[in-house]
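Next, two complexes with subunit A in common: one pairs it with subunit B, the other with subunit C.
Presenting the complex of A and B:
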């Protein structure tokens, strides 16, 4: 029952929906305070993996230890210390924001929940007493985030937490994710938004067809598999525009850039690096939305 | 298994009930039916019980009867007229006091008192008038009834007032709709909206959710059953025994409702299942309303084992001791449904995780 070691330790888990293998011998570990991105296209096996971690599904093979406890044996104790934010906006819409939070707090046995403070953190302090039925999509998502934080979880599972949100709501959620990681919570972020995963995650795992293709820090993956370059647009003649892409891996890249800057009539100059999407394509042979 | 958490699930539903159209509909339907039956066939809006007296000797009984509140007393000229009025249901009951009745009572003789009851009078009216008459005579002669009352039913002896006969419909709607439909629609709603997913990733188990929603159904079933019977003035002389059968029936119906709500695909399927199965579970009601039908058929329905005892104890003055077998069968059905419910609940939990 000790909390030493990784917050999550997954060893060779598999799960099938009937005849369809959804997750195939997946293994990874997440440290306390780490933001771990689980990336992949729809149907890749991300949500099934998370459902096994939260106890909604039981793996057919392998083992899962969360906070040092086995999900097969100590599920209730694990669930008391985790927070889950679903992709589906599954709130009680006939209840107010405060009532939703208080009800879920009661299921955790929490009697003195600071609902005002929690709603403040998700910018819903002024709407707490309103029924959720009247909330916008962004407000519902923020309330779901607040619900996931009711028990100050040691492990936080977030499934597409900013999907379809306006930039302000997305930034609020991303700020909360960072705060929770700084507090020491291990965060598992399931998303197909590569930019969000890149900016938030300490490490990411690419999952496709139920298997992990790659697992590392985003920067490491991009450096290993992507191409950095300088893209230059310059005017040639009266109405012609020339575009140059200079790969930075080439030996004379610096000279080539220097020449372009001095000799051409520059319009724009950008540095470019590989995105996680590029890396995913390199591994999976297809894009996230393919 | 934490009953505290199960109660929190039930308490949330009870608190939110007034905001749910389904809840309000289930609550109002049996009450509306009670008022309707009472208004049309008697009960709530009934006039006071009507007693006719033929007094051939200026009895104190007549004086005392006329001072009573809640009973309409009429003096009738002769026994023949009294019989005619009772038979025509112009009066609910009546009796003839012979000349020298009071003296005969006081001297210890046991004068005969002819007491006529209309076959169409309500059971409650009959009871009130019979007891009142006995008390009035006691007032004249002492503590123990010094008379032997010969009760002569007039009209159709087997007649059961239509209001009483429709009672099982009210009880059926109260118990079945509240105890079966509320938990069924509640669990289905949580499955469809995926709020159950959020509950099940807290330390709350599916078993606690089922028990919580079952508590809701049982509480509402018993409460609505009692209120409906009370509104129809038909709790009978053994209200605790009536409540006991309402309780067992509500538990059985809540289990069936939860099984149904965990199995069906969507709200349309639920309504279809209730409509299709409704005839079967309403079978005892049909057989109570039409007592000439072969009664053994109604025993095929599980609802028989609480609806029939509730009816017979509340309306026909029978007792729990007459229904030990039915009580045992009802308990056995409830016990047998429990493991089925748990298995269906586990299946629903897995399908929920698959669907999300």
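Presenting the complex of A and C:
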């Protein structure tokens, strides 16, 4: 059970719910220390893919190797080395934060868990002894994140980890994700927040209707499929406002911008670049929320 | 199976149970109520039949009857027919029926046309009528100065335990029912715990760790059995139920706890929400209660009652505590109960496993 090679290696996996094909021949690999964004609208097949990666579902076709082990054969050994943060806040609300962490630690056979340190990392040190029932949504999400880190996982699966959180909680979690990747953990980030995926991910895969449409670094995808431009708004006469969009791919783009700046009565000037949302639309023919 | 994981889930569930005010409330309330109910019920059976008699002019004739009061028959004389009627109507002094002999009974019976009134309240069982008719006939013979046409010598042979003077009290009859009610409450609690775990998907979080579904199921089955057994043992101790062959009783209670755990897992895995779980638990438990209610009434259980899963449990409790039976008599019903335990536990865990794996 060697750990050489990719942390996750997925080859042609498929899964159907009855007659409905949820995931169709999906393949990708994630390297140790890499943050891999799995993007797509609701029902695209993201969660089903993650369920197969974490051993909750068994693919009908294809193979999954996590940390060099096959999920069909070595699931227990794999699950001992992964951390999962679910979209649902599936915590034991009658128990305190510390009790939740200790319970899950005991499932991993960890007896000397540093709960204080873990809660400190998610800014919950002062509320650790409170019952989860009294936690806010952000606190629950941060505790879920702490739970996913109990066993210092080599692979971290995060399903919409910042969905609906306040900016402070979201930043705390994003910081943790980066720290974990720096530690060497492979991170699979499932989200439909394109901005978050763009800023956090080393590579992203667009998934729609169960299939991967594109897979690459966010910057590469944006350059490949989006259009960079400069949008200029200028005053013309007393009442009129003129708007210019100068695509930067054009040969004389620099001259055109220079001319506009010197000749026009400028109101605003913005650079515009393609977003991952634009790229997704280019591939899927629809937006994430369509 | 991973014993450490099972122990961890078991401990966690115990904490969850102890912190849920609803479970704790119904558990304590149930125990207190059932124990109180038991001790408030009559602990003995009054086997005496009390009859009232109006007997103007027949004092001498009736003297042998009225003076021969036994534990089984007590005859009280009244001075007027109205007094007798009132006493029978109101049940004064425990009188359940009356015999009113007319004032000219001695003459009329010699003439062959004496009419005796039997005063019987509507709720008196019909089997008392032949007894009263026999008494009236006997008095008639005495009044006529004749002996009965034949003297039949009888000999009583009691088959089984002779319970004359030691009838099964209502307290004892209620024992299996109370034990069953306690087990039923635990079915609700376990079903609700399981259902909450499924609905909140905390089970999903557990099953992406080294914990296997079999560990989860084993922990739930152990918890259900443990809670049910602790409570039913406590109840039996509080109602002085540990009499007779205690090991047989303990085995029956353990099997009963496993049985209701299977039902609890089944209801918990199938219910969509709290009300659904409650409804399912009750729907499954109603047929299972029938043998316990059946124990309240004398007679042999119908064949279809005997095939119900809880029949063995009730039969074992009744057999040990009231009939003094042991392994030899109760072995077959315990085996049947054990088979039902295996079947229901397998069904409950099977459905829960399926539910968990398809979340």
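Operating definition for what follows: the second predicted complex is superposed on the first by the 290 of 290 C-alpha atoms of A that agree within 3 Å, B and C clash if a C-alpha of one lies under 4 Å from a C-alpha of the other, contacts with A are read in each partner's own complex, and residues count from 1 in each chain.
The rule is short, and it goes like this: a contact is a pair of C-beta atoms (placed from the backbone, for glycine too) under 8 Å apart; a residue touches a chain by one contact, two chains touch by 3 or more.
These numbers were taken from a predicted model, which means no experiment stands behind them.
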Does the subunit A-based superposition show subunit B and subunit C clashing or fitting? clash
After the superposition on A, what does A:55 contact: first (subunit B), second (subunit C), both or neither? both
Of the partners subunit B and subunit C, which touch A:14 in the superposed model: first, second, both, neither? neither
With the two structures laid over each other on chain A, which partner does A:229 touch: subunit B (first), subunit C (second), both, or neither? neither
Is A:190 touching the first partner subunit B, the second partner subunit C, both, or neither of them? neither
With the two complexes superposed on chain A, say which partner A:201 touches: subunit B (first), subunit C (second), both, or neither. neither
Between 75-83, 93-101, 111-119 or 255-263, work out which stretch of subunit C sticks into subunit B after superposition. 255-263
Contact residues common to both interfaces of subunit A (with subunit B and with subunit C): 54-56, 76, 79-80, 82, 84, 86, 88, 90-95, 103-104, 106-109, 147
Quick check: in the complex, which residue numbers of subunit A touch subunit C? 54-56, 76, 79-80, 82, 84, 86, 88, 90-95, 99, 103-104, 106-109, 147
Contact footprint of subunit A on subunit C as seen in their complex: 4-5, 8-9, 11-12, 15-16, 19-20, 200-202, 204-212, 359
Contact residues on subunit A for subunit B in the complex? 17, 47, 51, 54-57, 76-77, 79-80, 82, 84, 86, 88, 90-95, 103-104, 106-109, 147
Report the residues of subunit B in contact with subunit A in the complex, numbered from low to high. 5, 8, 12, 16, 19-20, 193-195, 197-205, 349-350, 352-354, 356
